[in-house]
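The following pair of complexes shares a single chain, subunit A, combined with subunit B in the former and subunit C in the latter.
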Partner chain A sequence: MSSKKVSLMSISFKQYSYKLRAHTGLLNRLLLTQILALLLSLLGTSSMGAGSGQLSVTVRSYSANMVIVFSILWVMIVAVLLTTKPYKQIEMPLVGNRLTGNLSDVGLLMTASVFAGITSTLGGVLLRDIMYFISDRSTMAVDGFFLTLTDLMFGMVVAILCLGLVSAMGYFIGVLVQANKAFAILIPVATIGALRVYTHLGQSVVEFYIGNVSLLLFALKVMITSIILFGVSMMVSHRMEANQ
Partner chain B sequence: MNLSAMNFILLPLMILIIVIVLRDIMPFIRTKMSGLFTWKRSFICAGLYLGILVLMVPILYVLPNEGFIKVSNNGDQASTLSQNVLSDLYTNKSNLPLDLDKQQGLYKTSTQTFKTDTKKLSFNLDPNFNPPLIFVERKAVDDGEINVSTYAGTQSVGGIDFTKLILPPAMSFRNGTLSFQSNNRQVLDLKQFNADVTVAQFKNGILGSIQSPSANFGFGQVIYLRIPKSLELDKGAYSDQIQMISGT
Partner chain C sequence: MGVIHGVDLTKSYGKLKAIDHLTFEIEQNKITGLIGRNGSGKTTLLKMVAGYLIPTSGELKVFSENPFNSLEASANSILIDDTMTFSDSFTLVDILKEMTPFYANWNSSLALGLFDYYSLNPKQPHSNLSKGSKSTFNSIIGIASRAPLTIFDEPTTGMDSAARKDFYRALLKDYLEYPRTIILSSHLLSELEGILEDILLINQGTKRLHLPALELKELAVGLRGNAQAVISFVEGKKIIYQEDFAQGSLYVVLKRELVQQQLEQIRQSGLEVLSVATDDLCVYLTAKTKGGIDDVFKKG
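On to the complex of A and B.
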């Protein structure tokens, strides 16, 4: 019998660093996803056109929106995948329990969110640099091209928070589905049904988070929601273990 | 073979290729790649990727901001002003502006000088050309030169003032006839960088971020001629479009 006392956090951290190395394939997929999104963004994310008899004008809009959206989808998939059996089996060789496994997953998702948030926002800078050299500047508007450092940092923080929230949602959904497979059908049906019955539901949810245009309040709301979602996920996960 | 028949053959073929790629080739590539991408190499790749992206930030800030189109915050106002100016020029014939260069809302798009040895000047306008207003001013001297300047009213889409990109009408002078030909249909592909959705929603609000930008354009053009003192003017069929500024 060992007399050495181990803390919850140290085990969780060991699991976290082990998982970080074990799941590098997911990181590679993020890089590929972002590069693909960047290439697609070079075609423009949206366009508007107007024309008269002798003149036709098209204004193409460029932004890193596609990179951010692709990163959000990536983190959602990662969060769900982490709750599945093949990914949970990675924990097997390590000492720990369900709680340490969940905490290491949360740590992994937060790391993924920070990395994806920073790289997706910086993707917009890379896009601008590429467009500067490959495109005719006489047809390019200067306004919006040179990002301010404040906007860049602001964008990173908001992207990280959004990715963190989505990862918490994905993890919660994943845990629910692992607890009962019926949720795999119930959750999409309930979401689509609710959006069809309450047509303004989606907008109301978005307004709840960013309606008051304050970063601090937005961050607070996102963090509280994420903590609640992760907390409930851990409780559900713990009960699964008790049932099994 | 028509296009739909070709699609009928190509579609199942493409589906078959995709299935083969996903079922047989992708696992093979994945096995080979997973051996190639150890966690250390993956971290190095991620670090390099992040490093390159971070390096792009100072590069963006040292890029010179020359050669871009300036975006006017009051593009709508400038367009309205130019429409008013053009409308005044068309209707208010007694109060003509003498210096179009100083007229707000009008851009000079070209200037050209033609030598003339004839005593009469006639015009030929392309029927496909939106009728421009032609102002003629007599010079105080007989220098044997016709000075032609063309102007265009402000054109903008989403605040981007592209008036300077509009091609002036092609003009030529032969045997005492000044001809204006419309250019072929001009296609402009403008580019604008928008703030990312993460920033835009905080700056413009939810509704502001989805509002479409306004477009202001017609094709109002003004041609300004300075002709020698004694050159006779034959307005021909264009008497409504041609106005004298001074003299006869």
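On to the complex of A and C.
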């Protein structure tokens, strides 16, 4: 028998690199999303005006938060998409099992998070550059305009961690829905219901993650949550039949 | 030596039993034809063997392992069917390259050779292919993968006659050069016959018979002629198929062994003794009624 021993990690990595090339379309969509967000950001996120007699002041704020928010939405959608049938089907002709499929998905989502984290943070720099050239420099408030490298790096790491966490949540939701379609209704209903009944829930969850100043602690919390979510996703999908 | 063992294998979807207490064994390095009518459970069986589906009950071993979710079994087998999907980011030639690292025995030069021969457009994405071209392309992957267990589920769907003949020939040539276990499911038995060594005939999820192709050819005999004369010979014997012709003429198919001794006598009494094509025999064996579709019209 020409049966050869195969390693889980090597097959997972092969699938990962296959999927990376197979899903370049998703990456293009991220860039489009970010450009759209950037254009929207140019309109300014908030504007307020005050005037008294001869003096009138208008303050317009610009922020690249929109780019990050859009990237978060993108990574969420990608994570859910990866669990759906058309995306799972591309694994069929390859050597592998459920676990290698999941592991390669996780690898793909981590890559996507890092990529989206870097590009969306740099989107903030790009917005500053554009503002610098298109607006009247004498009316520009310098506060917060110049970004130190440390702040940039800090922002990047936080963005990547957030994206990673969101992707783990998306993947978990996607797997649950694939396991039982009822979750497609149950999850939104339960989430909205819980937020309505316990009005502080949303706030305290956010507080739990970003309430602390230490980056290390934040990173630790995010990573542990992500690992748990991915782990449970793998356990749920373990006995699921392919191509139902 | 057996590569696939199924013992009392059952797969049900709700109340429907797609595979019903099937016990079988597929031998190593043989080309086995899995023959059955539409809905007889061929695809379900192959998907269980490939590890996509979990048997409801019974035992299934592929390379002495339970194939479901088994990396080992997956690395040693490939299932080619018309649901194979590839990303549109890949052109056809890309796909052939992308498959290489997954299959240890992958033969690149053979893949590209076949690809050139069929003159498919290398720049095309897989999803744009016509039905026949898709089958042709998928079959290239199946042959070039050289997986120790290669499974083709209805590989020739949509292929024209020339492409089908080329496929059978290519498969046979590569099999001779590099023997491996091949399962072909099809309902075009007449075309396949030449390359099959074993035939596993299933009907409604159960095994009808599992024989070497040559034995199947000799299994049955057809008698044709005057109805009374025919009946006098076959009376009390198990008839596989019978068909009435005009003017009191009757055609009956039954196992050769039942009338082996009387063949000479039968010929002398003016009846024709005909061999039965395996293709027809499989249809007769899986028919619900003895008279085939004619029975439907008789009642009216």
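In this text, the second predicted complex is superposed on the first by the 237 of 244 C-alpha atoms of A that agree within 3 Å, B and C clash if a C-alpha of one lies under 4 Å from a C-alpha of the other, contacts with A are read in each partner's own complex, and residues count from 1 in each chain.
We adopt the following convention: a contact is a pair of C-beta atoms (placed from the backbone, for glycine too) under 8 Å apart; a residue touches a chain by one contact, two chains touch by 3 or more.
Remember, it's a predicted structure, so these values are computed and weren't measured experimentally.
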Partner chain(s) touched by A:Val6 [first = subunit B, second = subunit C, both, neither]: second
Which of subunit B and subunit C A:Pro86 touches, first, second, both or neither: second
Partner chain in contact with A:Arg239 - subunit B first, subunit C second, else both or neither: second
More subunit A residues in contact [subunit B versus subunit C]: B
Touching partner for A:Gly124 - first (subunit B), second (subunit C), both, neither: first
Touched partner set for A:Arg196, first subunit B, second subunit C, both or neither: neither
Subunit B versus subunit C as contact partner of A:Tyr18, first or second or both or neither: second
Contact residues of subunit A, present in both the subunit B and the subunit C interface: 21-22, 24-25
Interface residues, subunit A side, partner subunit C - complex: 1-6, 8, 11, 14, 18, 21-25, 86, 89-90, 92-100, 238-239, 241-243
Subunit B-facing residues of subunit A, complex: 21-22, 24-25, 27-28, 31, 44-45, 48, 50, 52-65, 68-69, 115, 118-119, 121-126, 128-129, 131-132, 135, 137-147, 151-152, 154-155, 158-159, 162, 203, 206-207, 210-211, 213, 215, 218
Residue ranges of subunit B in contact with subunit A within the complex: 34, 37-39, 42-43, 45-46, 49-50, 52-54, 56-57, 59-61, 63, 65-71, 128, 130, 155, 157-160, 162, 165-166, 182-183, 185-199, 201-202, 205-206, 212-213, 215, 217-219
Residue numbers on subunit C that touch subunit A, as the complex places them: 1, 3, 28, 47, 51-54, 63, 69-72, 74-76, 78-79, 83-90, 94, 98-99, 101-105, 141, 148
